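In the two complexes that follow, chain A is the common piece, with chain B as its partner first and chain C second.
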Partner chain A sequence: MRLPGLLLGPALLVNLAIFIAPMANLAALSFHEARPSGGVGPGPTLATWASIAEDEYYVELVTGSIGVALGVTVLTLLAGYPLALFIHRAAPRWRNLLMVACISPLLVSAVVRTYGWMVILGDTGLVAAMLRFLGMAKPPRMVFNLTGVVIALVEILMPTMILCLLAGFGRLNASLEEAAASLGAPRWRVFTRVVLPLSLPGVLLGCLLAFVLTVSSFITPKLLGGGRVILLATEIYDQAIVTLNWPVAAALSVLSLAVFGLALLLYGRLLRVVEA
Partner chain B sequence: MAGTALVLEGLTKRYGTLAPAVDALSLTVQPGEFIGLLGPSGCGKTTTLRMIGGLIEASGGRVLVDGRDVTALPPHRRDMGIVFQNYALFPHMDVAGNVAFGLEMRGMKRGEIAAKVEAALDLVRLGHLAKRRPKELSGGQQQRVALARALVIEPSVLLLDEPLSNLDAKLREEMRAEIQDIQRRLGITTIFVTHDQAEALAMCDRIAVMAQGRIAQLGTPHDIYEHPASEFVADFVGRSNRIAGHAADGRLNIGDLTIDAPAPVAPGPVTVMIRPHRIAFTAGGAGWNEVRGSVRRVTYVGDVLACEVTAGGAVFLVEQPTQPGVPPPEAGAEVCIAWRVADTLVFPRETA
Partner chain C sequence: MIGRAAHRALIAALFLFLLAPVVLVIPMSFSADAFLVWPPSGFSLRWYTAMWRETKLMEAARNSILLACLVCAATLVLAMPAALVLARGRFRGREALVALLTAPLLLPTIVLALALLILFVGYGLIGSWPGLLLAHLLVALPYGIRVLMTAVSTLPPAVEEAASSLGAAPWRVFRRITLPLMLPGVAATAAIVFLVSFDEVVISLFVVGPELTTLPVAMFRYVESRTDPLVAAVSALLVLLTLSIVIVLERAVGLGRALGK
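Let's turn to the complex of A and B:
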């Protein structure tokens, strides 16, 4: 093995010890059966997997989580895309400033931001007060339900989305838009035929990350969901910590890993299409 | 010829508080005319072109197409084909897709588009590369795609920003002829930006020589070359001997020499300019300026003989086609050189 290969060694070892091995352990655990009061039966058995597959609740949990993640992803994209485009087109001396402004929320942890949203979206919060002021007698409930979770997740994921979009806007430049306009394309066609196709690599990357981060999000649905919004990560937590059903928690973890794997696979496929 | 008249009226572009990049530029282009914008780098050629095409807003002035004011129109409604200095090909479309784009925007039918694209690509000799992506092409090939893309929409005005700068000498010559042919045949009013004076002289009906955002001289290639309006134009277009002198009593003093001026000149310091190839190794006669000097250096390149001749404290570069059987003069030889008085260009010199 040549030197560059050898240099990978230490990182590989560390990864093996603290990442791959526990994952393998986790996967193995899903082939055991839970015993009452937190025990784990002898394996291997497919009982846990069978119970998950048969239970309507888990099927809905997985499809529901994926659905929520897709929704949040699309909303984050819609919210982040115009901002990213604006930053990309800004004069260089403004660009850095705008970038920092956009990314600065990352300095505050998701926990703090979630609590912030609880205050803002709460029944006596800013948004409700505003709606009442505008004449709405009974503003909709926005905390401890899906609405609040989605709003907060979109906001929390926006900096990440914008970073991804900007990273993928490399092939976009003003002279291409000018060329399209000079060839007779009105602004919306410049957008659909030139800007959008060229920004797709960034869109894909941003969507992949937003999707994965939503599926694995825990704090926000836990706090803002008020126990009513159950996603894969919150359920894994409940199974492992509350119910003490480790095999089910392990199986759900493997499932979410599979969802990530599928998302990654899809991403790779689509990327090859849009970059071709 | 059905063409479009293009008029620029006091077109101005200011960037911040700097000196204007284009300064009250006025130009009337006849229908179907091929006009060259010639000037050194940074003189405002691209800026002018972009204002005509509507890609940047003019700070002042108007653009008229067939008498209609288009200054406020967005680029997609101006019907102008633009070839950009950096090509600006769409990287996500193949060559055929790039060329087809403008036709699609015009709502043309698929079959018709395919035929036109094929014809346009044949015109620039790229038919065999229709399925390639721009990044898989050489610079010259990209440039030709850009040209085909602008031509295929048969615009009323064609704006070319140094469209030949990346081609090799042979291809450039071919493309020159090609562009001229197409332009004549379609009768498209064309503005051709270049900093290559030979290209401008060879291709354009008229040339606008630009300096610092203004037109220094507008005229036919012959006018510009034979009767440059200023020292700058004479220096930029073609090559010249450039000699400091002094005008007195209607004649010109260069060092110890006294020569005739082609027209009456006001007394004072002047710059005298003479094209090297207009000076010959002969004794002059009536209507000629003649000086005696000695050969300082000889450069013989087969078809052309270049000599530096010192005379009366000045150095003259003389260029002549070589003659059969006549050996080149040797360094140090005494020679007599002469040129027509009419070929003497005289410009008043600002004293610093």
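Let's turn to the complex of A and C:
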């Protein structure tokens, strides 16, 4: 071992102990079966995987989670794009302040931000009070269902999306837009022909991260869903902590990793298409 | 002209949407009501006084501060040498090593948490300080390595080369030249890692025990069972803490750069 090895050694050792070993262990556990009496039976067996594949509940859980994640991703992109473009075009002395205002929510705990949404969306919250003021006798329920979870997730993922979009806008050159405009292109045309295509790599990265983070989101669906919104991550928690069926929890974890892998593959493909 | 005004209104609405949950906990924390009601019927400091009597939360807060400091120190000790080698070295497999060391950031925390839970149960690490420290290192170390690598790669190597060519030993070059030059980067790393550990909730939820818990976990459990403005008071203080760290970060290196994006 020369010097670089010695310097890298401790970090790699810790990585091996708390990342590689537990993950390998987790994958192996999905090939065991939970005993009815509790605990884990001897393996290897495909019984756990078979029970998941046959159970319609799990099939719906996976497709439902992917559906919710896709919806949240699209909404986050729609909400984040105008803001990111506005920040990108702001005067330099404003840009920094706007960026800090947009990114700092990223550093506030997910528990606090979800709680903030309970204050806003709860039955006696801000939105309900406003709707009542506007004359609605019985405002629709926005907590303990999917509506509230989606609204909160979109807001929670916006800073990440905006960061990715801003990185993508780096390639955007004001003179290109001016050139298009001076040649007589209307504003929407400048947008669809110049701005949007150049920003696509940033859009793709933002969408990948938003999708992946929604699939693994746990705190928001758990608290705002009030047990009625069941996604992959909340089900993993319930199986691991409440039902104590570790093999099923492990198999669901491997499944969500597979969803991640697919999203990454798709991202790579699409990136090559838009950069070509 | 109408289009322009509509655009302005849209931008303002989106900004409000983004900042609303973080900002609104502050007026809510001064509510005089027993429940989460908007608008509050009156304002008081009752939840700020009630907060300190909630012994579980306060104990958890002390644990979280101590834990974040330990995680910070451990991360700097482990990540600094690794970041120096990875940012400077030109050897085969360098990129694979960077990918391996930062991979935990890309994977779902719930999966990492479950993996740690299963391993920790076997070693009796659940609900113990070493267990919590190791669990937080899993997410803190990748952040530390990434931010420190950025800090190292922006240093001019010429100064260090000059020092070594004048006969300074590697350790002396590091202590007298490299470390002072990257002090802003180290401060940024420490601040980010502190927040990562202090805010971490999913992994903590799996590895805490009845005797030892962290503040975000205690808040999660509290919100799960009761919805009163007490957590708003705690949240308001946490938002202020985050804000002051953000200002320090922005002054030291710029927030966008510190987050490595």
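The working rule: the second predicted complex is superposed on the first by the 261 of 276 C-alpha atoms of A that agree within 3 Å, B and C clash if a C-alpha of one lies under 4 Å from a C-alpha of the other, contacts with A are read in each partner's own complex, and residues count from 1 in each chain.
The definition used in the following text is that a residue touches a chain if its C-beta (ideal position, glycine included) is under 8 Å from a C-beta of that chain, and two chains touch if they have at least 3 such contacts.
Because the structure is a prediction, the values reported are computed rather than measured.
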item	value
Per-residue touch tally on chain A - higher for chain B or for chain C	C
First, second, both or neither for A:T124, with chain B first and chain C second	second
Touching partner for A:W246 - first (chain B), second (chain C), both, neither	second
A:A79 touches, of chain B and chain C: first, second, both or neither?	second
Chain B versus chain C as contact partner of A:P4, first or second or both or neither	second
Chain B and chain C contact sites that coincide on chain A, given as residue numbers	none
Chain A partner contacts - residues on chain C that touch it in the complex	7, 10-11, 14-15, 17-22, 24-25, 28, 35-39, 77-79, 81-82, 84-86, 89, 91, 97, 100-101, 103-104, 106-112, 114-119, 134-135, 137-138, 141, 145, 170, 195, 198-199, 201-202, 205-206, 216, 219-220, 223-224, 227, 231-232, 235, 238-239, 242-243, 245-246, 250, 254-256, 259, 261
Parts of chain A lying in touch with chain C, wherever the complex brings them together	3-4, 6-8, 10-12, 14-15, 17-19, 21-23, 25-26, 29, 79, 82-83, 86, 96, 99-120, 122, 124-126, 128-129, 152, 155, 158-159, 163-164, 166-167, 212, 215-216, 218-219, 222-223, 233, 236-237, 240-241, 246, 249-250, 253, 256-257, 260
Complex interface listing, chain A residues touching chain B	171, 175-176, 178-187, 189-190, 193-194, 197-198, 274
Residues of chain B that touch chain A when the two form their complex	53-55, 74-76, 78-82, 84, 86, 88-92, 101-102, 105-106, 149-150, 153
